[in-house]
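Same chain, two partners: chain A is paired with chain B first, then with chain C.
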Partner chain A sequence: MSVLRTSGPARAGQYLALLAYLVFLAFPFLWLISTAFKPAPELASLHPTWIPKDPTLDNFRQAFGEQPLLRAAANSLVAAVAAALIAVAVATPLAYVTARHRGRLASAATGWVVISQAFPFVLVIIPLFLILKNLHLINSGPGLVLVYVVWSLPFALWMLMGYVRAVPAELEEAAAVDGAGRLRTLVSVTAPLLVPGIVATALFAFVTAWNEFFFALVLLKTPEKQTLPVVLTHFLGAEGVADLGPLAAAAFLATLPSLLVFAVLQRRITGGMLAGAVKS
Partner chain B sequence: MRRPLLTCVAALALLLTGCTTGSEGPDDGVVRLRFQSLAWQQESVDANRELVKEWNATHPDVQVDYVQGSWDSVHDQLLTSFEGGEAPDIIHDASDDLADFAYGGDLADLRPLLSARLRADIPARSWETTTFGEGVYGVPFLQEPRVIIANRRILESSGVRVPTPEKPWSWTEFRQITQDLTRSMGPGRYAVAWPLKEPVSVSLNLGLSAGGQLFHRESDGRVTVRFTEADAVVPGTVHDQVVTDRTAPRTTLGSGGSDTLPGLFAGKYAMVPLGFAYRQQIAQQAPKGFEWTVLPAPAGSAGLTQGVSPQTLSIAESSPHKKEAAAFLDFFLRPGNMVRLARGDWMLPTGTAALADPALHTARDGWATGAAVAEKLSPAPAQSVRGYPEWKDKVATPAFQEFYSGAIDTAELRRRLVEDGNRVLARYQRR
Partner chain C sequence: MTATKRPDRTRAPRAADRGRPRGPDLGAWFLVLPALLPILVLSVGPLLYGIALAFTDAQSGRTRTTRWVGTLNFQDLLHDALFWDSFRIGVVWAVGVTVPQFLLGLGLALLLNQNLRFRWLARALAIVPWAMPEVVVGIMWRLVYNPDAGILNETLRDLGLGEGHDWLSGLATALPAVILVGVWAGMPQTTVALLAGLQNTPRELHEAAALDGAGSWRRFRAVTWPALRPVALAITALNLIWNFNSFALVYVLTNGGPGGRTRLPMLFAYEEAFRYGQFGYAAAMGCVMVAAVSVLIALSLVRRLKGDQDR
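Let's look at the complex of A and B:
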């Protein structure tokens, strides 16, 4: 096995580029945190500072006082977790079948994935609304979860197909030779190797549902059921005017669950897939 | 492996049980109306909620559920709700968003529903903003003129004449004063900052003061765009301030109103033309000791006239309880209540009785200036023009943006607004 070596300056350049990219990614989040702790006069300063001169929790107090953020966060959490679990539960066997049995089905599935990602929300929302209405699923959590599952399923399937293909078929064949049945092979050999992929896919479905705004806005009618992204828009007025401090405070809180989930599950995702599975 | 699977299924079942299904409410003979409000500032939300609470306390048979919506997405949300037959009974929106819903039969014609008191209290010019064809499809109740928020110290120390609603600046005088002011303020500072993220509504609405109309309804009912000398006055002034005189910075042209406030507070700009409701942000965010004042927008041949698209309350055509909804509107928009709503939103009421309330004529926070301008407010020029949103987005916004930044001249602006614009409008007016 050959190892790709890079020279010192090239490596320094790579690290520099990586650092620049990280700064680019982190900037909006750090600015959000800074804004959330700034008092109103500092928010309106011509010379904004990274670290608030006079940090305050007023924006958080105001945000929680004005809007039911906790209830909205709970609604979002329930919808996002449910959508993620159902999406991986449905997508995993589908992905396995599609990846292992290449042919027209796999091509059709891939085509469906590509096409489904091209539809803008506004195009599908009205027929979807009518269907859900007929099913009495307007203004209901299950209705919203159903939409999120359908919406994230194609991409989840696509992701998982890649993970399934990365599991060598030889492993399953070896298990079969050793006398394991089909189900036993899937449960004891293939499934454990797919765990990082399933976790990554679930994360994708979770984050998609957690951040989703438009479906929640249109499908949920009563304030008690509104999700966090919908409630966040209540800090916005006409023509883009915003109650910036409370909005930043609420938005900061809204990013925390995603970060926590990533932090907790990171090892699951990055932990060497197939580590020790194949002797070289 | 079986245990984790069972745990997952159980957790999922629990989660889905947690998401309870929607219900239409108990069948107890009580009429329930859903009122979707776009109020967003806390004072305004409080005023709305209090009024709903007062109504509910005195009308046990007709209960109103308050639902907060969002300005950001109201059009798409309503469109979907109307198509799906799930629209709120009472709808808060802006008059310039109503045309398609009114022509589409989604909103109830309010003429047979509204009380004579309410009809008489609101002036005809405001009713025009919600009249489409023969019907009236919304009650205009709050309006927001464009004013100039000025740094009082800079203005007064410079010695320029401070305008009043009785004796406003003309557009020519305004241009001259911004030249004098910029000179006296020193380098890096500007007399005026134009936040023109939405250049079309600013140009059209202020353009009425100079007699500009842009949209002309012909005898056959068709609307065409014409760009006359009067239409060129306001855009020409702004263009010259930015490009020729350098009395207005180019950098704020793509900004929203809020983005210019730090510069106003820091003395970088002496004046910023803004919507009347921005006073709330200024009162809240201005540093201690910052002295500000509210000036009327410059006047042209038509005086202080300017276009507005009032906030409106409509009733869904699909609502089975239109009479009850209209009764709620009558209560909600009583003069005293209209004052509470106006103060909560830092806007002006359309109702004549509410507008006469002394609370709206105090000099504090510039209320008196706005109240004095109120009687000169007219329907925005594009109010009922079908195809206006497309004309605005595809033709007018880029054309005005390029004109104000100096990329194109008046002739090219005219060509685009008129030739390209009329092609767009024609598609909406085919019979």
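Let's look at the complex of A and C:
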């Protein structure tokens, strides 16, 4: 029996706190969904209701009519997938080496990961803007992908190093003793064990790129090239006057992919963060 | 993977090999290069370039005739009241978001570490703010804060607490209103990190302390907090830095208004650089922000080292 029993009133207090937390978390999100499904007259009413009396999909239709949402979503998707794949392909070998060899390279890598968290993007984006301009990669998908890859590398490296350390070095040594070459060991022993971690890292990189706004705002000039978050801000209009229904509908749609990924991956992502954080 | 192309039979580690310190040899460099190259070219390089730009008069559209101006930009910054306003707002915002994030996050982590029913629901919901694009978080809260059609004013009206207010446009309310959104958006991540830290504390220690008659506060002081401290320090330092450098949320909520009351340093620098084209000046702002953040990192490192010595 555990000695850590909680008294009745304390328990009640805990449930009350939990309830308050749930309300605070859920309330804006439920409001977003509710607004997205409200017909225009209900939106204009001075006494808004929580649940739409007459739910409709009009806002979604109107949203697609007002802004090029499909194209924006396609732009976002291509940029995020490309960035995630490249980032993982590039970071995995580096993570492997830095996690296995303790030395100057490993400390340089971790140092860079930490430092990169601290930099205000504006200090990096101005030179990147000039560099990409010289390469004629402003207002282009590939230019944005390049930026996203570099930007997601530190965290990808961090997560992957945690996953590599979770693979016991003894397994590799055992394979070596059994006569497997270094390459064979890597391919047939280490790599399979790393696959879940690599997938989690790639999905995390995907979500960060899908959600990213600042770089996309600076680098993409024409509406045909812009990603979803940038296009969403067009709904806000110049004076901040917005068509609430379509705005809510579009915003809700933009969230779904990352919500799905996170729902599947929550445990892995926190696990990866921790693995990186605890063992370094 | 690039390395798979390289047959490597001769380098099979022998028993004698394993004892010696393993530095990065040729094979290792082969694995490392594809990552190092983009890092150097597109991350470290631009960073140094950015610092260099702060000492020039670089402007957009006029980059070819850029001249070295020494510390002129920094001298101008020193006298730029608007920049220091935004710097101060940035500090208020960063502290105002980070402290509640930590305190609420800690309370919640302790709560979710208990055996409560429905805690799965709390964990599942915690994903929402975390996974949402910041732009969407901003849009969502604008819907909540909307003076006429927003649910916040309607709730206040229902409770008989006044006739509603334009939270994001009020000079006095704008900053607190965006801070609340910042707390909402960042709390789950803090909670999850602290929760993970809590779950690393051995339960036996708690039980032993409880058997010795320690109340929950003493158990927290003596068992939980010492184990949690490294995670807590790290997440707090990171949150301060991230919040100080944040952009998208406030850009969508108020775009720095009303009257500059929520103009965070990043918003200010963005406008300088990409609205007025003052690359050199904006880069100098970036440098000042880096310096501020570095002081913070240094302080937290010093505290950490001291903590290690105490033990």
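By our rule, the second predicted complex is superposed on the first by the 210 of 280 C-alpha atoms of A that agree within 3 Å, B and C clash if a C-alpha of one lies under 4 Å from a C-alpha of the other, contacts with A are read in each partner's own complex, and residues count from 1 in each chain.
Note that contacts are C-beta pairs under 8 Å (C-beta built on N, C-alpha and C of every residue); 3 or more make two chains touch, one makes a residue touch a chain.
As the structure is a prediction and not an experimental result, all values here were calculated from the model.
**Student:** Let me test your reading of the model: by the given contact rule, A:40 touches which partner, first (chain B), second (chain C), both or neither?
**Tutor:** A:40 sits against chain B, while chain C stays out of touch.
**Student:** Classify the contacts of A:150 with the two partner chains as first (chain B alone), second (chain C alone), both, or neither.
**Tutor:** Once the two structures are laid over each other on A, A:150 reaches chain C alone.
**Student:** I'd like to know which partner A:85 touches here: chain B for first, chain C for second, both or neither.
**Tutor:** first
**Student:** Should A:23 be classified as contacting the first partner (chain B), the second (chain C), both, or neither?
**Tutor:** neither
**Student:** Mind working out whether A:57 is in touch with chain B, chain C, both or neither, as first, second, both or neither?
**Tutor:** In the superposition, A:57 touches no partner, neither chain B nor chain C.
**Student:** Could you look at A:233 and tell me whether it touches chain B, chain C, both or neither (first, second, both, neither)?
**Tutor:** Both partners.
**Student:** Please indicate which partner A:244 is in contact with in the superposed arrangement: first for chain B, second for chain C, both, or neither.
**Tutor:** Both partners.
**Student:** Quick one: classify A:137 as touching chain B (first), chain C (second), both or neither.
**Tutor:** first
**Student:** After the superposition on A, what does A:116 contact: first (chain B), second (chain C), both or neither?
**Tutor:** A:116: touches chain C, not chain B.
**Student:** Tell me which partner touches more residues of chain A in the superposed arrangement, chain B or chain C.
**Tutor:** Result: the larger residue contact count on chain A belongs to C.
**Student:** Across the two complexes, what residues of chain A are contacted by chain B and by chain C?
**Tutor:** 43-48, 89, 122, 125-126, 130, 187, 213-214, 218, 233, 235-236, 240, 242, 244
**Student:** Tell me, which parts of chain C touch chain A in their complex?
**Tutor:** Touch residues, chain C against chain A: 1-4, 6-9, 11-13, 15, 18, 21-24, 27-28, 31-32, 34-36, 38-39, 42-47, 49-51, 53, 58, 63, 107-108, 111, 114, 116, 118-119, 121-136, 139-144, 146, 148-151, 154, 157, 184, 188, 192-193, 196, 200, 206-207, 210-211, 231, 234, 238, 241-242, 244-245, 247-248, 251-252, 255, 265-266, 269-270, 273-274, 279, 282-283, 285-287, 289-290, 293-294, 297.
**Student:** Where on chain A does chain C make contact in their complex?
**Tutor:** Touching chain C: residues 2-4, 6, 14-15, 17-18, 21-22, 24-29, 31-32, 35, 43-48, 50, 89-94, 96-98, 100-101, 103, 105, 112, 114, 116-128, 130-131, 146-147, 149-150, 153, 157, 173, 176-177, 179-183, 186-187, 207, 210-214, 218, 228-229, 232-233, 235-236, 240, 242, 244, 247-248, 251-252, 254-255, 258-259, 261-263, 266, 270, 273-274, 277-278 of chain A.
**Student:** Mind pulling up the chain A residues that touch chain B in the complex?
**Tutor:** Touch residues, chain A against chain B: 40-41, 43-48, 62, 66, 78-79, 81-82, 85-86, 89, 122, 125-126, 129-130, 133, 136-145, 187-188, 191, 213-214, 217-218, 221-223, 225, 230, 233-244.
**Student:** Within their complex, state which residues of chain B touch chain A.
**Tutor:** Going by the criterion above, the answer is residues 1, 8, 11-12, 15-16, 18-22, 34, 38, 40-42, 45, 65-68, 70-73, 76-77, 79-81, 83-86, 88, 94, 197-198, 256-258, 261-263, 265-266, 268, 275, 277-278, 281, 284-288.
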